[in-house]
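Following are the structures in question.
Here come two complexes built around subunit A, the first alongside subunit B, the second alongside subunit C.
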Partner chain A sequence: MRKKLGYEGRQKLVGTSFIAPWVIGFLAFTAFPLFYCLYMSLNKVTFMTDHLQMEWLWFENFRKALLEDAEIPNKLLQTLGQSAIIIPIIVVFALIMALMLNAKFPGRGLFRAIFFLPVVLTSGNLISILTDQGQGTISFLQSDTAQALIANLSGTWGTALKTVLANFLVILWYSGVQMLLLIAGMQSINPSTFEAARIDGAGKWEILWTITLPALMPFIFISIIYTIVDQFTTSYNPVLEVITSHSRSINTGYGYASAIAWLYFSLMLIILGVIILIFRKSLGIIGSSKRRPS
Partner chain B sequence: MAEKKRRRITVRYALHRLRHIKASTVVILLLLTIVAAVSILPIIYIISNAFKPLSELFLYPPRLFVRSPTLQNFYEFFYSTDVSAIPLSRYIFNSLFVMIVTVAMTLIFSSACAYAFSKMRFPGRKWMFDMIIIALMFTPEAVVITRYLIVSNLHMINTYFAHILPHLALPIGVFLMKQFIDQVPDSLCEAAKIDGANEVRILLNIIIPTVLPAVGAVMIIAFQNVWSDITTSTFYMVDESMKTLPYFVSTLSNALAVASVARKGAVAAAGLLLFLPNFLIFAMLQKSMIETMVTSGIK
Partner chain C sequence: MRKLPFPQLAGPFTFMRRRLGFMRRLPLYILLTAFALLYLEPVLYMLSMAFKSTTDITNATAKWIPQSPTLSNLSYAIDTMDVMPTFLETENWWEGMMRSNLFVSILTTFPAALIQMFTCAVAGYAFARLKFPLKRTLFVCLMVSYIIPPQTVFIPLIWVFRALGVINSPLCFILPALFGCGLKGSLFVIIYMQFFKKLPEQLEEAAYIDGASTYKVFFQVMYPLAKPARITVFLFSMVWHWNETYLTGLFYSKIGTLGTALTAINVPNGVYSVALMAVKIAGALIFVGPLLIIYLLTQRHFTESIERTGIVE
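For the complex of A and B:
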């Protein structure tokens, strides 16, 4: 006879079985490597033919990275500065585009489709094919057609436009997913709320600030988190290049690379913590799912 | 006669609608057109690059459009595998197989996990989700060697498992899904439960259709993660016949630096071929997602 579990017991059982496959994979391929990496960062790691030789160093690797190696603090600060600029730009851009794409106008579907394209484009291979002619400058900007377009403008304006275009493309490429999330968020707002506001005499601008944006907060938060993760983990990131090069070098070795990786990781956690603190008031969604009064 | 009259009415109606387009709409359309034009440029570039003869590929400054298109690059690419013992089809099969299995399993695992985190109560729920948020920041580059140790200890070197398993536990996937499922009212699930649906059915028939945009986003992220990845081929596969297409293309472009100049054409053709699945995913999601987004009414 089947034993009847109580509602609570059943919830526990089903819940656990739903998360189990994911959590096992997560522990094996993400959590464990991460902590093993922490352990290695406290060691000097040498590769022998059949095993790894560890030599316990305490915090020597961290001290060396922060105090002796001028490159590491520099690169970390550089990344921090860059992300402080690029992350708000990407999120605000995505928000503006999402607001525009959510308005009613002819050909909306087509435009949405076009903006969706960069999302599928941003896989590593394609970007490297596009950028293989110079670092950062996108090669087709130097093409005849683009040059002809730019040449029509006078000198200073032309250069300015070129810089904007080059950066604009990067912003465009990295804001596709956020755009998508924000549009989805806007559509989850009940249309009757807008109607009620309109009947009460609210203007478009007021509706945007008092209804749309507050309701979008959870989605803006998701977009910011996604942007941070995306920016910090693209393999074109300067710090990641340093980590990769150190893990291959014989002098410094994998222990040192792990130490840099953990420094980098902590930096990201601090940024994430700050964002969560900022949004805590307007959300309160971290860790516990919000129970909305029905 | 009646036909003509009807047409005249339609035309008049269209004109009427045109006249009522507001100035703000025109501004929006104009801005969007500019941005759209820019975002299409890279795609034009990839496509026309694949058909450029060598003389045009090495032209500086490069041209956006091809002048005298040729299929030479594709021949070059297909014959480039002649030197290695592995046929091109093998790389393509590996890539497609790994990609399809990984994306499908990532979707299943993340949605089940996110649903449980969002709507169920079970021990350890809170700290486990905190852990996922921390893991969002995780960069695979930093732990290549530790992952290698795990893969080799599980005896997965040279198997498809090593291609697939490391990609499955995607923290951002669970995070995105959970935040969207949080927005689905609990009363909807409870109503289904009262009607006798079990958790699997609630997930498949209620949750997934309501959070389709999130499903699409996770699908794209998972796809890009696995499709462009060459680390699994580089580190976990010793046997050449187990490696993937992007890996093969990357060896072509590396060879380019030292040896043959002619490979540049093959790389350009490969770029277009690698782009095709991206485009297919786009075509697929564009239907199921951008359109349904309008009706994904969570009230």
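For the complex of A and C:
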């Protein structure tokens, strides 16, 4: 391969020509806005007729957002709490549905078509209309007996359950892509593994816990990452609404909005980091088994 | 399996076995049907509400099937949402077309999706197979750009587009797409990267031995081979561009899409709110209608898409 000295160099040149457009796009449409946003977050930004006036504030915007403005830490914690409930439920729900839809039975195509429908329909726009119409919750929950039962629930778990039931549509509708991911994962498991287990006398539950789930770990991980990004970037997120409203307000302006945006982004990075740490072990095992030649 | 001595007896036996299989799967079917109904309820609700007249809305007996169905909600929604183009004599044809929110939606969706289908493949191929400086750093950049909420960067992004003179036009989505970026562009690059990584390297080696250049290998071997990934990327890009209302609302102030027009329908509290809600839901139906039709026609590609592309490895 390395007969000529210039071979490696030429290969790199060709590779660079392939990646160059993306790098230009990344710099212009992602990196520049991101760093400009960081720069603005350290300033007080005022609109002048022909230019923007920046007043260097150091971390004043961040301090104000975290310590003085009660709304921001509140909203951030609210987002954190909501995602702590919603994200595991979406993933577990997607996992259960994927297990069912992966079984072979007549009519599977029809059910799959119905369950993946939200992939097309999930726009924040539509969801807010349907939630406004009381379509966000399951209709039998609106009956009197169900209401009485729910009203009896109290404590942390009761509140959590209430949130989940009230947002059931969101859970159903935001789990389409994850279901696709997990089904694909299940189909990547070698069928002979199941056969060997069955011959050894393993029951269905044993197979699920000892073979399917461990083999699915990387896919569950990807589903969690996808869910986090999806939930954190959806336009109807409370914090994002605050950011948008602050960016339009005269008193606070872009600088303050940018500071909140960066706080929000850091929160998201922390959550992603925690997830990666939790899954490092199980992913490591899978990773090493994958490196074996097949 | 032992062969049956009388093949003609196999009929009733397999039938019984099938019956037994069905009985065993009954809980699965009940569960799936229950969930399917939960999924379909909002869609059916939209379908029924959109055709309800004012008397039907308040009539409890006509909960699902309108007794006096009407098209007035739909036609009113078509008017309010500016679905159709309006032409003024003082303007040219293009300006009239741009006043149609449906036309703007289509212009925002399809060119960008088609372009992303190609440009993201180029970047994905580079990440999967080619060598270039700073590859690891750029890969981290790819991951970061995937997780950035667009809401955190939209303000400078608006200035970028204003400076480039593309604000208030679908070019806001087409231009980043040309560079393999744009709406969820990094996710599409990752999808292509995973797909190309899975293809056997012998394919390219054979082409290289025949003296083909990297460009030729990509355009004549690898890109045509990536058809399943291309279908996935195109379909998802189309759906996500169509459903995007936040960014379109920010980039378009003089024009609108069906999504922004739907958000703009304001339903105040009061006597007329019920009737207006039916109009809004009819509008929602117009908004998702094209996607629903495309989904019905291509649903096989959606349900099998990720399985084939190997996004998950």
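Everything that follows uses one rule, which is that the second predicted complex is superposed on the first by the 221 of 294 C-alpha atoms of A that agree within 3 Å, B and C clash if a C-alpha of one lies under 4 Å from a C-alpha of the other, contacts with A are read in each partner's own complex, and residues count from 1 in each chain.
Note that a residue touches a chain if its C-beta (ideal position, glycine included) is under 8 Å from a C-beta of that chain, and two chains touch if they have at least 3 such contacts.
Computed from a prediction, not measured in an experiment: that's the story for all the values here.
Chemist: Using the touch definition from the top, say if A:Phe59 reaches subunit B (first), subunit C (second), both or neither.
Modeler: In the superposition, A:Phe59 touches no partner, neither subunit B nor subunit C.
Chemist: Once the shared chain is lined up, is A:Trp209 touching subunit B (first), subunit C (second), both, or neither of them?
Modeler: Neither partner.
Chemist: For A:Pro21, decide between first (touching subunit B), second (touching subunit C), both and neither.
Modeler: In the superposed model, A:Pro21 contacts both subunit B and subunit C.
Chemist: For A:Lys12, is the partner it touches subunit B (first), subunit C (second), both, or none of the two (neither)?
Modeler: both
Chemist: So, does A:Ala184 touch the first partner subunit B, the second partner subunit C, both, or neither?
Modeler: After superposing on A, A:Ala184 lies in contact with both subunit B and subunit C.
Chemist: Determine where on subunit A the residues touched by subunit B overlap those touched by subunit C, and list them.
Modeler: 8, 11-12, 14-16, 18-19, 21-23, 25-26, 28-34, 36-37, 40, 97, 100-101, 103, 105, 107, 109, 111-126, 129-130, 133, 138-139, 168-169, 172, 177, 180-181, 183-184, 187-188, 218-219, 222, 229, 232-233, 235, 240, 243-244, 247, 254, 257-258, 261, 264-265, 268-269, 272
Chemist: Can you list the subunit B residues touching subunit A in their complex?
Modeler: Per the stated touch rule, the residues are 21, 24-25, 28-29, 31-32, 35-36, 38-46, 49, 60-65, 109-110, 112-113, 115-123, 125-126, 128-147, 149-150, 165-166, 168-169, 171-172, 174-176, 178-180, 182-183, 185-187, 199, 213-214, 216-217, 220-221, 224, 227-228, 246, 249-250, 253, 267-268, 271, 274-275, 278-279, 281-282, 285-286, 289-291, 293-294, 296-299.
Chemist: Sort out for me which residues of subunit C touch subunit A in the complex.
Modeler: 25, 28-29, 31-32, 35-36, 38-43, 45-46, 49, 119, 122-123, 125-127, 130-133, 138, 141-142, 144-157, 160, 176, 178-182, 185, 189, 213-215, 218, 236, 239, 242-246, 259, 262-263, 277, 280-281, 284, 287-288, 291-292, 294-295, 299, 302-303, 305-307, 310-313
Chemist: Any idea which subunit A residues touch subunit B in the complex?
Modeler: For this pair, the touching residues of subunit A are 8, 11-12, 14-16, 18-19, 21-23, 25-26, 28-34, 36-37, 40, 52, 97, 100-101, 103, 105-107, 109, 111-126, 129-130, 132-133, 138-140, 142-147, 165, 168-169, 172, 177, 180-181, 183-184, 187-188, 190, 218-219, 221-222, 225-226, 228-229, 232-233, 235, 240, 243-244, 247, 254, 257-258, 261, 264-265, 268-269, 272, 285-292, 294.
Chemist: Under the stated contact criterion, what part of subunit A meets subunit C in this complex?
Modeler: 8, 11-12, 14-16, 18-19, 21-26, 28-34, 36-37, 40, 97, 100-101, 103, 105, 107, 109, 111-126, 129-130, 133, 135, 138-139, 168-169, 172, 177, 180-181, 183-185, 187-188, 218-219, 222, 229, 232-233, 235, 237, 240, 243-244, 247, 254, 257-258, 261-262, 264-265, 268-269, 272
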